[in-house]
Amino acid sequence: MDYSITKFLWTLLGLFIVTNWGMLMSSTIRRIGARVSGRIGIPWYQPWVDLTKLYSLKSQVSHGTMFYLGPVFRLMGGVGLFLFLPMIFGSWHWSNYSFSGDLVLILYFQLFGMLGMALGAGEGGHPYSTIGVSRGLAQFTTIEVPMTLAVISIAIQYHTLSISQIVAAQQGGFFTWTVWTNPFATGAAMLSLLGAFGHSPFNLIQAPNEIPIGPPTEYHGVFLGFLRTNNAILHVAEAALFMNLFFGGATNWIELIVKTFLIYFWSVFVGMVFPRFRIEQSVRWFLKIPTLLGILAIVIFL
Amino acid sequence: MIKKILIIGLLAGVGLIFFNLLQVYHVPTELNNKLGAYYAENAATQVGAANIISAIVVTYRGFDTLGEVTILFLAASIISFVLKVRKEDIVSDRFTSPNSEILIYSSQIIVPVIFLVGIYIFINGHLTPGGGFQGGAVIASGVLLMMLANPSMKVSHNLVAFVESISGIAFVVLGVLGLVLAGGFLDNRFLPLGEFGTMLSAGALPLIYIFIGLKVGAELSNIIGTISYNQNEKNS
Amino acid sequence: MEKENKPQDIPVVKTKNFIAPENEKRTVTAPDGSLIEVDPINDYFCQERPEEYKVKSGAVEKFLNWARAESLWVLGFGTGCGSIEIPPLVTPRFDMYRYGVQMRPTPRQSNVFIISGYLSVKTLKRAIRSYEQMPSPKYVIGLGSCTINGGMYWDSYNTINRLDHYLPVDVYIAGCMPRPEALLAGFAKLKELIKAGKAEKANEYIRNLDWYKANQKKIIKDWNMPDYNW
Amino acid sequence: MVTPIYIVAVILGLAFLLGILKSSMTRLGSILMIGGLVFITFVSGQWLYEFLVNHRATDIIYTAGFLPPYAINLQMGLNEAILTTMINIVGLLGGIYLLDSLKKTGINSMAIFIVFVMSLNVIVMTRDIFNLFVFLEISSIATGGLILLDNKRKAFQAGMKYIIATGIISNFLLIGIIFSYYFASSLNIDGLIAANLMSIKGGAIALFTIYVSIILELKPFPANGWGIDVYTASNPGISALISAGSATAALFVAYKLMPMGGSFWLPYFAIIGAITFIGSNLMGTRQENPNRLLGYSSIGQVGLILMIIGLSPYLGKDTLLIGFSILISHYAAKAGLFWLSGIIKSKNIQGWSALRKHPYLLFLFGTFIFALIGFPPFPSFFGKWNLIMALAAHGQYAWMTAILAGSFTEAIYLFKWLGYSIKLEVPEDITIKFEWNKYLPIYLMGILLYFMGMYLAPFTEGGVYINFLPLAFVFLLFALDFLPVYVKNTLSIAGIIWYMVRLFPLLEHDLMREIFAGIFLGGAVLTLVAGYAKKGKRPGFYPMALLMFSGLVGLIEANTLLEFFFSWELMTAGSYFLIIRGKRSMPHGYSYMLFSIGGAYAILFGLALAYASGLNISLAALGHITQLTTLAYTLLAVGFMTKTASLGLHIWLPGAHGEAESDVSPMVSAILLKAGVFGLMLLFFYMGTGTPGSEKLLYVLGWVGALTALSGNLGAVFQEDAKRLLAYSSIGQLGYILFSITMMTQLGWLAGFTYTINHFMFKAILFLVIGGIVVKLGTHNMYEMGGMIKKMPYSFVAVLISIIVIGGIPPLSGFAGKWLLYNAVIQKGWYFQGVVVFFAGVIAFLYLFKLIHSVFLGQLKDNHRNMKEISAWILIPSYILIIGIMVFSAFPQWVLKPIGNMLTVYFPKSLYWQGTRAFTSLGYWDGTTTMIVVVTAFTLLLGWLVIASKKVKRIGQFNIVYAAERPYRPETTHVSYNIYAGYKKALGFLVTPVVETFWENVSDMVLDFSGWLRRIYSGNMQNYALHVVLFIVVFYLIALGGL
Amino acid sequence: MGYIIIITGFLLVLIGLWGILSQKNLIKIILGFTIFDTGINVVMVSIGYVKGKTAPILDIISAKDALKSVVDPVPQALVLTSIVIGLGVSALMLVYAIKLHHDKKSLDINNFKDLKW
């Protein structure tokens, strides 16, 4: 329980690194995507440019208090996820505020941002926002099923819910990672990750061509900037969470960068290959294969 | 048809009950029923009535008899309030077919005799077969004959009711007198038992029988009268 | 770009006041039984006039202008046949992404509006609304001859001839049809203007709002929206 | 002392005297009649007083100056005194009630009336069997006459049926009497008992004919069509007399003659009683005619008492007490109900809604209904309690089941009826006139019921401990019902606070009880504060609310099984009235009541088994159940689960909570449901994990809890009605609680407590606020709302915070529950149940978003433009609760630590504290730090946004990008209706109303069966005669087997 | 002799019951009842029968030795009551029959089914 300024500043630095890495990661991934389709793609610095532009817009409108607060909630969700997550294993500097709680706290803190976003979008009064939110929530419920199964399986495996201890248990070589010791749980979790990142085939929430563009339809300027910042943080933090749980964690930033990139790339890769699901299809899908994997993951420990 | 069979089956069932009762029934050769024997032995001395049945009916089980009288009273009351004749319904000049001369005249002769027999029966209730109920019934049959002879005859309700009520009250009062003056409610021994076998014997028993007789006669007449009146009225 | 379309050149013409049926006042009953009068235009919409934003200068602003220029978010709204020329831009052959040009599905998040070809009166209304909903600074590219002088539709009963009577245009791309390359050139021109701090047509629109509105209302007979669509 | 013989003498004298009176002298006649009735009431009352106060010995009255068996004797003991007093009172009151009718019919009918009452007296007193026969005949002939009092056409048919049936019966009785005489040489009952007929060859047949006749007099099912017709067709005053008086006397005859046959016949009595009780109540379920319904009910009750007589070997010395308790309830209630029906004169039970205009009569009606079912504080409650306990002590479970089943079927129609009269529109064609002579008897009967309840309570084991203080307060409030709301509200709040202050020291730091007392009473105060928002008088609300709260507080205070069940039933009764107050809540209140009664009977059965295990009345007996242990715990759990609305038993809840009034919903949802939780916790506490079978039971219940959570939450997702949504959410939340505590670990229970406290707080807030909004907006449908955040910001904040808590989102206290549950699940090893529960937890998000979005966000509707914030009186309690939530969230250790310590007594310790940090063997969590981190970060981010977005323009409702179009109407732009259509497509099959369909089918089956069964009452009097003979033959063949 | 009487009584009861249960005419049913009553009364009297004894009415001579000469008086006393009760019931039934006939102009028992279920 370290409330010192030093800790705060280290955490802030970590947040800065993560944000920038998140943006770089997204532009890199988009560039890779462009290359796949034979294009050059955006410049690597495009996310920073976009963000600068968004923060510097000259006129902004608001639909009300909750609309205004929504992005704050959303960003808080991402930042909070980062704050409660130990980024680098064994490092005091990069363990953030992970002493506040364990894996369960992180899992549930994701909802904080979702709720804020949902409410902010709701107050926007735009029908598409609500439709997007409803789809997002519906999909989210089923994403959580394999995720919960996987988390429980890990907890059974390691007898702990503390992330640092889970990472500690995976130290000692490539083959002590959970992905090898508990492949079913990893499988279930990685499949649920697809939904969490919201890439195709699970991007009906934003569905740019159908309900442009879902929840953030009315958001612009600084608000959108907040959301984009959050995306950057959230993607890294979530990937880092999975890294910690399944891929042996990271002992330094390089390892973290490589692993988070690969984890994030996994979802993009799938998205490149598969077309979009309708919401009931994705709901059903998550309750089939990933859930089955999750159940297997628990059954092997019974 | 099924119902008939069912009924027959049921009657067979009831018959079975009776059959089973019959199996344990045998005709005694001695009066060995303790209660009956007690009455046979002691009725004469305790109640002073030659007719043991009267002794039982009026004294030992006098309370039952009070109930019987009440039942007749109830029946008469119910009939009179159910078949209540409203004034406006009475048609004075009803058409009634004339009865035969023989019936009219012979009834004029016989009815007083019947009344006399009836009175005799209930006055001698404690001595000879008969009693209040029987006597009352005979009197009522006299009334019935009168009605047959003269369908338009009206039984005087007021008179009948008066006789009925007064005798009823008298019965109750006699009972209470028994309670106050002798051993218990309806005890006949608050009057002297007198000499066995004579008219003025058995304490208040004859008195009670007289009232019962009057009451029963009145009540039955009342019932007959009410029903017949009602029928007449409807026929017209 | 050119100053020949001075507002004072064309007199403001008062049009007959048209009230669309859906905008007529109506009464509704509140749950407590009281009657409430609804005046749709005034009640549902923000009726305030927009204000001009301050054009700053200096190093920071220069950097920001560079950022704005390198991040052109185009509203995905095709108005005429010219819109067929936009999709090729995302193909490997043209790949507009490398110039920082991206498509956005909602006006709120866009800052470049390509009027791609002729603009029928009906579409004009939508174009105006979308334009006004875009946050400043915002830019308009007129694509094709139709937006300059009406092109082949110059005598049509139902298309506008000069776009800049209705919306402030930053860049015109001439041709019928201009090829995607021309569009890319137009973007390059727009970037130049922005970087130079000269692409402030959004402010001009606000400054001359009355004139624009008069023009718009003159051609749009069934004007059924507030004067400025926030 | 006046000898009881004067009852006969005076009445007969009067009757004969009445015969002389001219038919016009009705005034004098009625004075004489009432005088006579007063006199006999006085005589019997005087004897009763002697027996009760001076403990006088039983008195024998001899007639004719001879001793029995030679002459007829009467007996006047305590029993006879009680019964004759009862008969005479109902006779007197009935006479007063019937004055008009009797006057109209004439003096004869008065004479018949008093003779009838007198004959019942003699039937009770006489000790001579033939005399008994004579007076039975008198009473039946008098009945035959009185049926015709109104000279109705139907009455003649009923009378004919009655006479035919009783004619056959009495002739059989005669056969029995004469053969008894033949075998035993006596007509005296004592003589016959001494002769022991069963030992004499053939005596059994004689006894059989006597018994069968007596039973037939009691109108056993199914040979009772004639009896029901009599109840239907005669003047209600007469029906009252028959039901309350004749039945009483006839039952006493059965009791009196019972020793003649010894124990051989008792099982048959019991079986016939049980069949009658269940059968006639079952047929009552389809009945719409109030008098006929009462007829069925009367016969059912008589069957119950006959059953008690038959079960007397098991009941021992309590037989009389039990029988009397039930008899007196039946007596007063049935008389009162028949008299009421005479006032209302409605052809069907729907017409009884005319009572709505007469609150005091309605109150009495409710009293009678509740007394019949056996609710406290009425005597029948104690009767049934003692009955069930005694039967359980002898292991007579089948009889217990029969009794409870019969009582339940009775409740089915009685509560339907009560519901109709409370809720249906007042019919226009029925007007109730005030007539003192008709009102007075009803009032007296009502008062008698309450008095007898209080009087009989101490006779029950443990009954002396019952705390009537809260009930007294309820009555005070009922008496003050004419006052305006704010006075009553203040009074209630003051009373509750006073009681709270008094109660807490008494709990002696029993933390569990303290917590629940806090929830019950604190919640009571908070929800009552919201009542200040109401205007007018709210007639009946306060007594009923306080009745519920006194029941709840009684649960806390209960030390004995009796107290516990007493309070449980009080609570049920009070909550029923609260729930049914809602505008459309009649069917829901009805199903609530049926489920509650079913549950209560399950509990009663379980408690009885607990009692039977050690003959111990204290609550600790629950810990030592040795009789049918598993069944007992299952029944208890099921009983409590009806209150917590677990899966399968939940169908009453959505309607009941959803349709209740705005401040009743939080009472019943946030507070009342916790009673079930309290019961379950208590049960599991006592049960422990060591009891055989408990492991399996807990496992099953754990699954039930998990599935309840899932189905409740899923049900809520697809609701369009705001309050129903919350109600379904309650089902889900209670599922979590059930699941948590079935784990029987410290963590599980901690989670359970956390959920309980949280649910209390957030559901109270939600129901208060949403209820207030629903009232204000005049609609339940969420899609008709929208945009309320602009009009009701404070409500929005309250709802938002509640929603964060429900969702279990850190840093608010909901997360504490989730965290504990995660740890508990993993420790316990209930992984799959856990997954279901967590899945349910996420699904909660769907409905929460729907709720807050549809009501507060989205588009403001035109007709809601002028809305103001909801009443401050609703917001004040909500905000107090929000403060509670905040404190609990920031400092969970303040609450969880003591609870954890308390639980270590029962479960191994698995949660440890290190300052503000809680940790288990699995993980850790620091509520305070989380709060600090989140609040700090949030503040910083908000500050950043404020700085970054300098100038933000607030724009209008329709200033949205709408694909370059513009919206025209808010209704078409507000997305709310069926927004989870996709979800429904995928998972909608999970909310197929399987349970509803199941229960509907069950109820249809019961009603169909009842409809089929009652066709035996074809109305043909010959058939009824056939039934009588059939009954005799069948009974004979079964009992004596053809011998 | 005693057996014959009692069997006759039982048969009368069965005949009466047959009448009650099978006849459709109200008056016949009432007649059935009176037969039923009579049967019962016969049974009662026969119960008191003692072989070879006379009626329990004494004179001065027989009073001393009453026990040996009379039959059981109790059933006879009871029969008296029973007869009167039967009379009352029959009268009541007839009145009902009259009223029912007034109502429907019929005595068929199947016509009086207004009250059912």
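To keep things simple, chains are lettered A, B, C, D and E as they appear, and every chain counts its residues starting from 1.
Methods note: contacts are C-beta pairs under 8 Å (C-beta built on N, C-alpha and C of every residue); 3 or more make two chains touch, one makes a residue touch a chain.
Just so we're clear, the structure is a prediction, and the values are computed from it rather than from any experiment.
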So which chains count as neighbours of both chain A and chain C? D
Shortest hop count from chain C to chain E along touching chains? 2
Count the C-beta contact pairs for B-E and for C-D, then tell me which is higher. B-E
Which chain's centre, taken as the mean of its Cα atoms, is farthest from the centre of chain C? B
Relative to the centroid of every protein C-alpha atom displayed, which chain's own C-alpha centroid is closest? D
Please compute the C-alpha centroid of chain C, do the same for chain D, then give the distance between them in whole Å. 71
Roughly how far is chain D from chain E, going centre to centre by Cα mean, in whole Å? 50
Separation of the C-alpha centres, chain B versus chain C, in whole Å, is 118
When centres are defined as mean Cα positions, the distance from chain A to chain D in whole Å is 53
Touching two or more other chains, which residues of chain C qualify? 106, 108, 230
Would you pick out the residues of chain D that each touch at least 2 other chains? 130, 134, 137, 141, 144-145, 148, 175, 179, 181-182, 187, 953-955, 957-959, 961, 1026, 1029
Where in chain A do residues touch two or more other chains at once? 59-61, 212, 217-218, 221
Chain pairs in touch? A-C, A-D, B-D, B-E, C-D, D-E
Given the complex with chain C, which residues does chain D contribute to the contact? 776-779, 862-867, 953-959, 961, 964-968
Contact set on chain D toward chain B in their complex: 3, 5-6, 8-9, 12-13, 15-20, 61-66, 69-72, 105-106, 108-109, 111-112, 115, 119, 122, 128, 130-131, 134-135, 137-138, 141-142, 144-145, 148, 151, 175, 179, 181-183, 185-187, 201-202, 205-206, 208-209, 1026, 1029-1030, 1032-1034, 1036-1037, 1040, 1042-1043
Where on chain C is chain A touching in the complex? 50, 53, 63-64, 67-68, 70-71, 73, 76, 90-92, 95, 97-98, 100, 102, 104-106, 108-109, 111, 135-137, 202, 230
Per the touch rule, the chain B residues reaching chain E in their complex are 3-4, 7, 10-11, 14-15, 18, 22, 25, 27-31, 33, 35-37, 39-41, 43-44, 50-53, 56-57, 61, 64-65, 67-68, 71-72, 74-75, 78-79, 82-83, 127-129, 131, 133, 196-197, 223, 227, 230-231, 234
Contact footprint of chain D on chain B as seen in their complex: 3, 6-7, 10, 13-14, 16-17, 20-21, 23-25, 33-36, 38-39, 46, 59-64, 66-68, 70-71, 73-75, 77-78, 80-82, 84, 161-162, 164-166, 168-169, 172-173, 175-176, 178-179, 182-189
